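As written, the chain order gives the labels A, B, C, D, E, F, G and H, with residue 1 at the start of each chain.
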Amino acid sequence: MQTEIKFAGFGGQGILLSAKLLAYAAMKQGSFVAWVPSYGPEMRGGTAYCTVVISDKLIGSPIIKNPTHLVAMNRPSLETFVDDVKPGGIVFINSSLIPVRSNREDIIELVVPINEIAADAGSVRAANIVALAAFNAKAKLVDPELLKQCVKDEFAAKAKIIPLNMKAFDEGMNFVENN
Amino acid sequence: MQTEIKFAGFGGQGILLSAKLLAYAAMKQGSFVAWVPSYGPEMRGGTAYCTVVISDKLIGSPIIKNPTHLVAMNRPSLETFVDDVKPGGIVFINSSLIPVRSNREDIIELVVPINEIAADAGSVRAANIVALAAFNAKAKLVDPELLKQCVKDEFAAKAKIIPLNMKAFDEGMNFVENN
Amino acid sequence: MGKAFSKPTVLNDTMTHYCPGCTHGIVHRLVAEAIDELGLQERTVGVAPVGCAVLAYNYFDCDFQEAAHGRAPAMATGIKRVRPDLIVFTYQGDGDLASIGMGEIIHAANRGEKFTTIFINNAIYGMTGGQMAPTTLPGQRATTAPMGRDTDATGMPIKMSNLLGGLVTPAYVTRQAVLKPQQINKTKKAIKQAFQYQVENKCFSFVEVISTCPTNWGLTPVDSLKWAEENLLPYYELGDIKTPE
Amino acid sequence: MGKAFSKPTVLNDTMTHYCPGCTHGIVHRLVAEAIDELGLQERTVGVAPVGCAVLAYNYFDCDFQEAAHGRAPAMATGIKRVRPDLIVFTYQGDGDLASIGMGEIIHAANRGEKFTTIFINNAIYGMTGGQMAPTTLPGQRATTAPMGRDTDATGMPIKMSNLLGGLVTPAYVTRQAVLKPQQINKTKKAIKQAFQYQVENKCFSFVEVISTCPTNWGLTPVDSLKWAEENLLPYYELGDIKTPE
Amino acid sequence: MAYEHIIDSERCKGCGLCINFCPKKVLEIADAVNEKGHFPVYQARPEDCIHCTICCIVCPDVAICINETQTS
Amino acid sequence: MAYEHIIDSERCKGCGLCINFCPKKVLEIADAVNEKGHFPVYQARPEDCIHCTICCIVCPDVAICINETQTS
Amino acid sequence: MAKVLMKGNEAIGEAAIRAGCKNYFAYPITPQSEVAEYLVKRLPEEGGVFLQGESEVAVGYMIFGAAGTGERVMTTSSSPGISLMSEAISYIAAAQCPCVFVNIVRCGPGLGGILPAQGDYFQATKGGGHGDYRLLVLAPDGVQEAVEMTMQAFTLAEKYRGPVMILGDGLIGQMMEPVEFPEDLATEPINNDDWATNGMSTRKSKKRNLVKSLFLDPTDLNNHNLALKAKYDQMGREDIQFEAYNTDTDYQVLITSYGTMSRVCRTAIDSLKEEGIEVAMLRPKTLFPFPEAAIYDAATKDSCKTVISIELSMGQMVEDVERCVKGQRPVEFYGECGGDIPSPEKIIDIIKGII
Amino acid sequence: MAKVLMKGNEAIGEAAIRAGCKNYFAYPITPQSEVAEYLVKRLPEEGGVFLQGESEVAVGYMIFGAAGTGERVMTTSSSPGISLMSEAISYIAAAQCPCVFVNIVRCGPGLGGILPAQGDYFQATKGGGHGDYRLLVLAPDGVQEAVEMTMQAFTLAEKYRGPVMILGDGLIGQMMEPVEFPEDLATEPINNDDWATNGMSTRKSKKRNLVKSLFLDPTDLNNHNLALKAKYDQMGREDIQFEAYNTDTDYQVLITSYGTMSRVCRTAIDSLKEEGIEVAMLRPKTLFPFPEAAIYDAATKDSCKTVISIELSMGQMVEDVERCVKGQRPVEFYGECGGDIPSPEKIIDIIKGII
């Protein structure tokens, strides 16, 4: 079994970190993982994306054209990648920035206003954590507690912002679980 | 038929030029020729040598270990190369600088005091022309008149020293023909 | 007191890939204006560096060559020597010109090659993500100097214009900045003068331009101007360093 | 007023391959004396250039590395950085250091690498048979400047010590000569001082030595000294150019 | 002689340099993004503009031009 | 204190630098070549030598040394 | 030791430290600048040396100088930077100094692009520099192997007293995978007193050492070259590494592929197997010495009809494969070299096209 | 035209001029400095450009810049100097600018020695620089061929819009042989208005031209690489050159050899013939494109039992020969690489040893 999740958004939206945290938790859980960034010259201002591959055996090609799931943090990301998602996958839509929807019937649409949730939790900068928690609450790829611990570990050096991120995590998760 | 002549001496003795003139004349005469210098780092003060190959067909290897003839302008040259000469070849010895002889029975020894002859003709600097003329007088590789013309052409730009070199040429040739 | 202002024709409509507020764009415009005003478009060949300006050729409407990192002066030498009738300029960053390309710029300047170099000094490697440049200030942070440049280990920043100005061969060498409107106007004059010397076949001409890199300095565009004004200008003094006799 | 004189022990008995009267030999002896007198033999690593001194390692009784053409300062940097306890010197000609090796020497000097460079300026490429060097004088003949150096086409000779002295990083930079006994004694002092600064871990140290190349200048050894005195010294002024504060 | 101050809001990257230098404080950042995702500037107080071209001169993206109009 | 002036005629390349600088004109070129083909110098007037070491200092080939001898 | 999730570039930096290498010189270039950005922080903690050189040419010689003292030293770069080091690599091979070069390959030729590629196979294995020398070249297929090979590289460099190259690519440098740093791959440095220029006082003999590559006498130089050749031959006997994948089946096609590209091939092979099509892969892990016999043997298995070399290049390793297969089977090629990595589906199509 | 006796280096300089090349940039290095010393006198007479660059790295880019304007341009160097040009060569190949590089090979690796060698075969034919590019490589066996190939090189460089290399060696550079300069080898320059940066005013379109090698889009870059590859394939169809020597006999052994070494082989073959032993030689004159089919055909002639590649190297071209022979015959190797050129007698011994 192999699951691939593409995270996509603007440069500054923290998607590389969300993806890394997911990969990290999956690794802790005993899976094979790979985190593959898109790196290219002058991505500035454009669309950045990366892919996390989680598998129960050694990962072959880490280059994924058709991911299982998509986490789209802004509109161009959704539009660029939505058609690549495999049928049955989750398409996560950050409705704070994306006014449109997937137009696909064969996938599961998960619409979350992450910027608002993050702002409510204390700061828009935690939007990527909201998205991570929310997405995982739906996709159930890793144990949420483990994932939350990974978030905590990540910010170990900046203890001050841990509470904010913990809150954002919980709110993101709750939003999905309660909707 | 292929003939190979090794010219050897001190750096400043003009052997490269003598050899070149011989090659030039042979070329004019319709032969295939090659002039192969020894080049190596810091030959200064040491022994310099070069080889002329004259042939009636396309020349294969221009690298000659055992030449037909040797023109030795100084003692180390004679000592280094005399044993390489093919039986029957000419070993030319500049007796002005070389007090010893070849110690070989199977070659033709040609002993010429070229420095003295050149000095008599006007300048020791023409010793290489004396040697060239004398050697060719014995080896009869090219028409002496043609060779003399080549010497003349070589010095075309320095008309002043042509008479000296013509004289040196004649004296060198005469020395062999009259001895 | 109104005035008209429009894009120079040598600059085409393509939007640059530079970050918001990056002064590369300003200098591009000034170069284009100089070429326009001197009427050189049809015989100009630009040489783009490897650095953020690697795509400069996308924005200028004249012939262009793209050099390897640091080698623009050698390429310009090749072009200008075989086609002295062409107007040749290089456009180089500080990593490109002062680090890997040190030998090439010094020798081109010293031979008195008759081309023009525009040298964008932003005290950092922009394109590759903020590594230390030879021009990075003492204590200034860079990804390869995370605690700030340690001059004990890496020496003092190199003042390229002063170095080139120290050569005996005649040249036009000047240091300018684009941190405020007046400086921009002066830089414009200097660039035009540099091309003018080339048109007259007089000498090598070199215009250093103190610039910004908001992205890798981690500052807003406006704060970048201020930081440069306060930190770069005291070390890199503005003005003509050498003019041809 | 008699004195004794003997070969320094760091110099071994091998006869050099240098041409008669070539001043490379004098400088070799001075370097060896400095190493002897400071007691550094057992921790010295020399770096030989590519140039007539390529075989320098044959004559010194200490560890030696042979660099590629122009890259001795980079090699010395590598050695000294990983083994700061070693005493490292490079010995380079003007083709090696001022032409192909320009980038390396400037950057090593600017980083303040704690090694010592002995720079033999004989205004010509000796080893390869007399081609023009960046230090060749205007009008001086070379195989690649058969009518004499044309400064319009190739610029003015580069004054390496002045160029390096112009860098901001502290250093010891001096220009000396070995054209007569008094100069030789002064050069000896400068070389010893240069090594001394290294021993103290103070700074980069650089001793330019105005030298001769009788073979490629086409002069006798004695005439070479005179020619250098009359032609090189007026352009390449002797003396300390920079000392560390 | 009259002048027309034109901001190409698609070229503008919203860097704010023009705002910073405008002597008359004419310019402000808009609150809607353009196609490229930048918040462009606009003339908040066009009537104050003296057409001094300073904003044009400092703009790295040649996003502002000033045209002469013959309708004087 | 006495001194002994020694020329290693096999090391000498006959360049003449020592001759040029000897303040007492002690040195001259020999007329026989050494093994390497050079004409080495010799002390033509050893009695004039003041052991000033100038010849040693200028010799590129360290072909001259001066020893202290205790037989004063 | 617990696994950590690391970028390939950072993992290579850490692996060097774990292997006992405390010296790093480099010049920035995408896609490998993270090695420097990682080591500039880590090396001071280890009392090591970090220096950003002024150019790749200079860095090549910094490595040479440092390696000449017998200290462990590494540089990392990417394609154009390695070209600039090729003179130095030739010198280092000639002077026999152990050190490690990492090439995180990007697309060429020229400035090309910064995405992953395998267009430097020739340069790495046949010598970008002049003269008769060979590099031992290790080609990892992921972050864990990049770590292991980096650690092995120092041991091999000392065993053969010469430069060793890791040939990765932009993907391996940029991606994160879980890694372990196997302690047993960290070896003790070999005593260098017989050759390294580390100061005469450090060695018993009190004899000076020379690090050099000039041999003016033709016989000496020829002997030197024969001695170098003997080392390369020894590598072929003792240090060939490869992976055979799915070779115990009756495969119809043998793929040869290495590094990143081989992972895609592995996925394709697994998919084909599900369809009942057996395909095997021989993946060289050392590109030099090349697994010549293994490829010949795998290609000439009865069931195997065709060999295909699949590379992120326009056809480089395929020449070595052709050489090894000795005409016993047709050797096909598929390659791309623009930065995109062909998908498993694409490879499946290609394979189906040739059976 | 009468023959003249010229040193190879000088003849190459003169040949360039006769071919219409008026631009020369170089850096001194033995054993080829005479090219510069000749051209510094000749070029001013022709109104041409001579410049001694500050280094081979710089010279590589001077050539690039000059070639980018569409003017004919040449440089000459020797092994280490060519290594330093390898980044530039990759750039020039990528940017598709015609120009000529001459490598008068000396012994390597490293500083090595200055005597003749063939240790740069790999570097020349497989790309010293990074990325997927190939050089058209011409290997003369004497001064006359050096002249002819130099002249052809400019035509070929323009035909394929890329760098062409002449791979000579110290002997060919230093020896004198009689030469003629065939006028018919001097071609008219091709009109470059569609690509060269020679000023917009010179061309009808008034469109600007770009000389560049950066392709950020993977598809563009892959297409660019495919286009380059198509040129290399075309070379293989249209411009392979070789000499077959004594191949009309029932030879037992086929020698493959090129350049200087092939002349010695020719002498050895003649001597062996006198002894009644027939040996043939296939001499590639283009090392890339390589005469693959010709070698296969010559090797598989019934009478032929063995193939032997004889080189002034430790074994480089032999890999291509092995590839071409496809296992149909054993492929042996003999080589030396110290500067001495093996004598015909030595070669005769070697041949007798394998029959």
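The rule we apply is simple: a contact is a pair of C-beta atoms (placed from the backbone, for glycine too) under 8 Å apart; a residue touches a chain by one contact, two chains touch by 3 or more.
Quantities reported herein were computed from a predicted structural model and do not represent experimental measurements.
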item: Shared interface partners, meaning chains that touch chain E and chain F; value: none
item: Most extensive contact between chains (C-beta pair count); value: G-H
item: Centre-to-centre distance between chain D and chain A (centres being mean Cα positions), rounded to whole Å; value: 62
item: CA centroid of chain D to CA centroid of chain H, Å; value: 38
item: Multi-chain contact sites of chain A, meaning residues that touch two or more partners; value: 40-42, 45
item: Per-residue overlap in chain H, given as positions that touch at least 2 other chains; value: 30, 51, 54-55, 57, 80, 87, 91, 95, 110-111, 113, 115, 212-214, 216
item: Residue numbers of chain F (touch at least two other chains); value: 13, 36, 38
item: Chain H to chain C touching residues, read off their complex; value: 22-23, 25, 49, 51, 53-55, 57-69, 71, 73, 87-88, 91, 95, 197-201, 206, 208-214
item: List of chain H residues in touch with chain G within their complex; value: 57, 79-80, 82-84, 86-87, 90-95, 105, 107-113, 115, 117, 119-120, 122-123, 126-133, 212-226, 228-229, 313-316, 319-320, 322-323, 325-328, 336-340
item: Chain A-touching residues of chain G, taken from the complex the two chains share; value: 3, 5, 30-31, 113-115, 142, 170-171, 174-178, 263-264, 266-268, 270, 341, 343-345
item: Of all residues in chain C, those that touch chain H in their complex; value: 41-45, 47-48, 54-55, 57, 60-68, 71, 74-79, 81-83, 85-86, 103-104, 107
item: Complex interface listing, chain C residues touching chain D; value: 99-103, 106-107, 110-112, 134, 151-159, 162-163, 166-169
